[in-house]
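Multiple structures are listed underneath, in structure tokens.
Next, two complexes with chain A in common: one pairs it with chain B, the other with chain C.
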Partner chain A sequence: MDFYFGLAQIIGVHTLLGLSAYIVLLTGQVSLAQAGFFAVGAYVAGMLTVLAGWAILPALAVSSLFGGAVACAVGFPALRVKGLMLVIATLAFGEAVRLFFFNFDYQVAKGGVKLGPVGGEGFRQIRYFPEHGWTTMEVMLFIWGFVILAMALLWWFDRSRYGAVLRAVGEDELAAQSVGINLTAVKVSAMTVGGMIAGLGGGIYAHYTTHIEHASFGILLATFALAYPILGGLESVFGTVVAVVFVQGLLVEGLRFLGDWRNLLFGALIVLAMNVRPKGFLDAPALLWIGRIFRGRRGAA
Partner chain B sequence: MALLELKGVSRHFGGVRAVDGLDLAVEAGQIFGLIGPNGSGKSTTVNLITGLFALTSGSIAFDGRDFGALPTHLRLGRGVARSFQNIRLFGQLTVWQNLWVAQNSPADHAKRGFLSRWLGGQGDVREEISQLLEFSGLAHKQDELAANLAFGEQRRLELARALATRPKLVLLDEPAAGMNNEEIGLLRDRILKMRAQGITVLLVEHVMELVMDVTDRIAVLNFGQKIAEGTPSEIQADAAVRKAYLGGETA
Partner chain C sequence: MNKIALAVAAAFAATAFTSPGAFAQDKTIKIAGFGAKSGVVRGFGINSEAALLAAADQINKAGGVKLADGSKGKFAVEFLDDRCTAEEGISVIRRIAGTDAVVAIGPTCSNVAEPLFGILQKKVDDKSDSGLQMPVFTDVAIKVGLAKISEWAFRNVPNEVTMYSSLFYWLKTKHPEMKTVFGGVEEDFAHSRATWYAVMKDRAATNGYAIAGETKWLLADTNFATQVREMKKANADIVAISAHPFSTCGVLKEMQRQGVKPKLLVGLTSTSTFETMQGCAKQAEGMIIPTSFAPVTKEGKAASDATAKFKGAADLHSMAAWENMFILKQVMESEKISGNPKDVQADRRKIRDGLAKLKITKGLMGETKRTDDREADKPYLFVQAKGGHWTVLHNPL
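Let's look at the complex of A and B:
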């Protein structure tokens, strides 16, 4: 059973990562910086629980705020450029963060053992969960509590005027400006919310793996962050969850028996999925269909 | 005092003088026509007034205050809205949402707090948007995606979206392009109704029947310069205008 709980943990954390890219994508911005915010959150939360001895909840709150603050600071200059230029700018930022942690040494002696990030070797012994006797299931439920919280937040945004404005900016910046929408404020706010969700996800990630290193936060993770909402569809936050289950559950775990062939099939299946469902798994017709099923059931009962 | 005042406004693209030393004064409550042959600088003028292009030289004042350096969204905050020559709706939003996202005026800010304005649901503003939908005859299409509307409906929605910003001045960039006579008649009624509500209109248009019919005053552009200004009847009698439109010497 622990295997499935562990898988659910991975899916939960990757859903947070995907949601952080989802809200930025709504405004039409393709950001490869989400893995960078995720890394910042991971190191901040790890250092707070291990070195400062904080409890997990305040540590995650601070890692989330940190991720948001960094995203806000990066957003102002980065969002002045568009399209491919933004992709390059955010990619450069992500790499800068990774290289920062590659060179980041900060160790404190605790009970005769030196703890803390050691450059390329990474940051070991982030053992808050095992030290406090959390079971795998408890950690999994803890993670999914945050996933549901983040999804509820974005789902609410989607139904509010803010959500409509985000999509309006994503569709036509010129028209959006002309009806009085402040493009910078809207884009930076989306980036900040995305950064907060990524920072939270990173903080959780650091604690369930207990060992983080710079190499985990590279371009591959940034690509995954973008792939989830795109593969799932930008119509609804639920698309991102479906995509994470598809990628992490089905492709990464489900195809493990194929050995080296897995990576080949992995790429092919993503291409196939995008061809069969170009607007994502949960596109507008799919959501309509699901909505009808639910309404039908309620009507029957 | 004029509501909108352009003084010596120029916009050059490299060596092309798209607009060159233009003076315009639009009085509050007027329907002001801006006409001229293709490429005479009408749309550029609209883009300069809304701030999509920066001025090369000159000044623009609105409501007695200079605003030639303000970014576009703040000009809207002062009360300038527009429609686009090539329709620019938010196609994947519904008709209703297109009007919803346009509620960014200072009046809307005063009416609702920050949180309810941004994170509030659709219920709070239903009434205001219903009125706009009624005005533009789109009430039955409110849940349709804007991209799925017919051409004439899209033009109507663009006008309604401009009005949703509670403007003092609306710039209409060729609102009758591609419309049949019946639709133009309805557009005419709407423009007159807007004036009756106290909204000033700057109408850029090629359909002369409409321009001559509704406007109080007309300015004619040719090669970025104003060649004539006056009432519709004065413009129709103007020799320079005939020459610009028909070419060569006029009989």
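Let's look at the complex of A and C:
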């Protein structure tokens, strides 16, 4: 059972990463910076629990705030550019963060052992969960508590005026601006919320893996962050979860028994999924269909 | 008709009573191998899997493992791909822990070993530590000092500090005219990076060499022009390359293109493999590497041939996997594991304790000393690339 709880942990962490990109995508912006915010959160939370001896909750709160603050700072200059230029700008930021941690050394001697990040060799012994006796199931529930919170927040946004504004900017910036929407404020706020979610996810990731290094936060992770909401569909926050389950649960874990063939199928199945469901797994008709089923059941009850 | 039926029944009954166990099925002892079978370092995983299967086949043909109740168990090996990523490595070890595999052998990459050892229980019997209680016996991941992360982690990998210390000492004695060393390091790979900064560079300096400089590249790099230009400018007597076969070959080819010819080439221990000879035998000609395996003994040759039958190449890493299987057989027998799926956790604990007790193990190159921090001090020799093969240059022991 531990294996499935462990898998649920991975799915939870990747869902947070996907949700961080989801809110930015709602405004029509394609950001490859999410892996950078994720890395910032991971290192900050790891350093707070290992080096400063903080408890996990305040450490995650600070990692989330750090992620948000960095995203806000990046958002102002980066969101002045659009489309492909923004992709390149955010990609450059992500790489800059990765290279920063590649060269970042900060070690403190604790109990005769030096702990902390050591550049390219990474940051080991982030063992808060096992050292405090948390079982795999408890860690999984802890992670999913945050996932549900993040999803609830984004679901609420989607149903609020703020969500309508985000989608309006995403649909047509010019039209949105013409009705008095402050584009910079909307985009930067979406980037900040996305950064906070990514920072939180990164903080959890560091404690889940117990060891982090720059290579874990490269372009591949940034691509996954974008792929989840696109593959899942931007109509609903639930699409991101469905996509993460598809990628991490089915393609990565479910097909492991296929050995070398898994890697070939991995790409092929993603291309196939995008062709069969070009607007994502949970597009508008799918959501309508699910809604009808639920309404039907409620009516019958 | 009744008489015939009676005779057949009597014959069956007689057989059953005279040789108990003749109908008893051998128990299966599951060993889970894991490592990289995809990406740049996939060769290591493929070779390890072949060596594990070959060793299991040999052990099974010789009768298998003697279990606590006197019966025999047969090894069954399953190998899982972790794609050399931390997340997948953790997922794989959790998957293995959920099966009735009694021990895991792997991983390939040090960047997987670090987090994986991190999720294991740090100290045995520490009730406050909820880490995984699964013995892991590493064959490939070689970065210095990883087993100390957890008391459930054991390694049968060579000690690079000893090997490079000995190599640079020998080179200084053999070639006193050489004074300078220039380093080339695959910066983003945990093992190669740590080996240059913590081992090669330090050992070269300790043995009186002046470090003329260093240059860096990444595992997946394909262009090394700038790095080789730096190398050329430094004009050192010895160029020490701390990188895996893929990028080592890239650098060596670029060195040939730019006409960089140091007096001596020193390589990373993980590069003394078939892959290097396949990729750049001509350019690697003369390169010297300390390694814990070369098929120079009768046992080594036999293990190498047996691994080849399972489509794998024998090198210091895959032969460590081979050795691990025989060490585990010995431990399982001495610790009297039951081999029953219901006792899997107790058997895992017995194997861990048995591995921790070992002081000396028998390897393909001779005896290996086990250290208190669950590492190995393996015999080694220096090999040199010559005519498309790794040939033994010197045996310092």
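The definition used in the following text is that the second predicted complex is superposed on the first by the 301 of 301 C-alpha atoms of A that agree within 3 Å, B and C clash if a C-alpha of one lies under 4 Å from a C-alpha of the other, contacts with A are read in each partner's own complex, and residues count from 1 in each chain.
As a convention for this text, contacts are C-beta pairs under 8 Å (C-beta built on N, C-alpha and C of every residue); 3 or more make two chains touch, one makes a residue touch a chain.
No experiment lies behind these values; they were computed from the predicted model shown.
Undergrad: With the two structures laid over each other on chain A, which partner does A:131 touch: chain B (first), chain C (second), both, or neither?
TA: A:131 contacts chain C only, not chain B.
Undergrad: Going by the contact rule set out at the top, does A:162 touch chain B (first), chain C (second), both, or neither?
TA: In the superposition, A:162 contacts chain B only.
Undergrad: Quick one: classify A:53 as touching chain B (first), chain C (second), both or neither.
TA: neither
Undergrad: Which holds for A:291: it touches chain B only (first), chain C only (second), both, or neither?
TA: It touches nothing on chain B or chain C.
Undergrad: Name the contact category of A:83: first (chain B only), second (chain C only), both, or neither.
TA: neither
Undergrad: Looking at chain A, does chain C or chain B touch more of its residues?
TA: Looking at chain B versus chain C, the one contacting more residues of chain A is C.
Undergrad: First (chain B), second (chain C), both or neither: which does A:120 touch?
TA: Touch status of A:120: second partner only.
Undergrad: Under the stated contact criterion, what part of chain C meets chain A in this complex?
TA: It is residues 37-38, 80-81, 83, 85-88, 90-92, 94-95, 97-98, 111, 114-115, 118-119, 121-122, 127-132, 143, 149, 187-188, 190, 193-194 of chain C that touch chain A.
Undergrad: Would you mind writing out the residues of chain A in touch with chain B in their complex?
TA: 156-157, 159-162, 164-165, 167-168, 171-172, 174-183
Undergrad: Which residues of chain A touch chain C in the complex?
TA: Those in contact with chain C are residues 1-3, 6-7, 10, 102, 120-122, 124-127, 129-136, 208-211, 213-216, 252-253, 256, 259-260, 262-263.
Undergrad: In the complex formed with chain A, which residues of chain B make contact?
TA: Going through chain B, the ones touching chain A are 50, 52, 71-73, 76-77, 81-82, 84, 88-93, 97-98, 100-105, 117-121, 161-162, 164-165.
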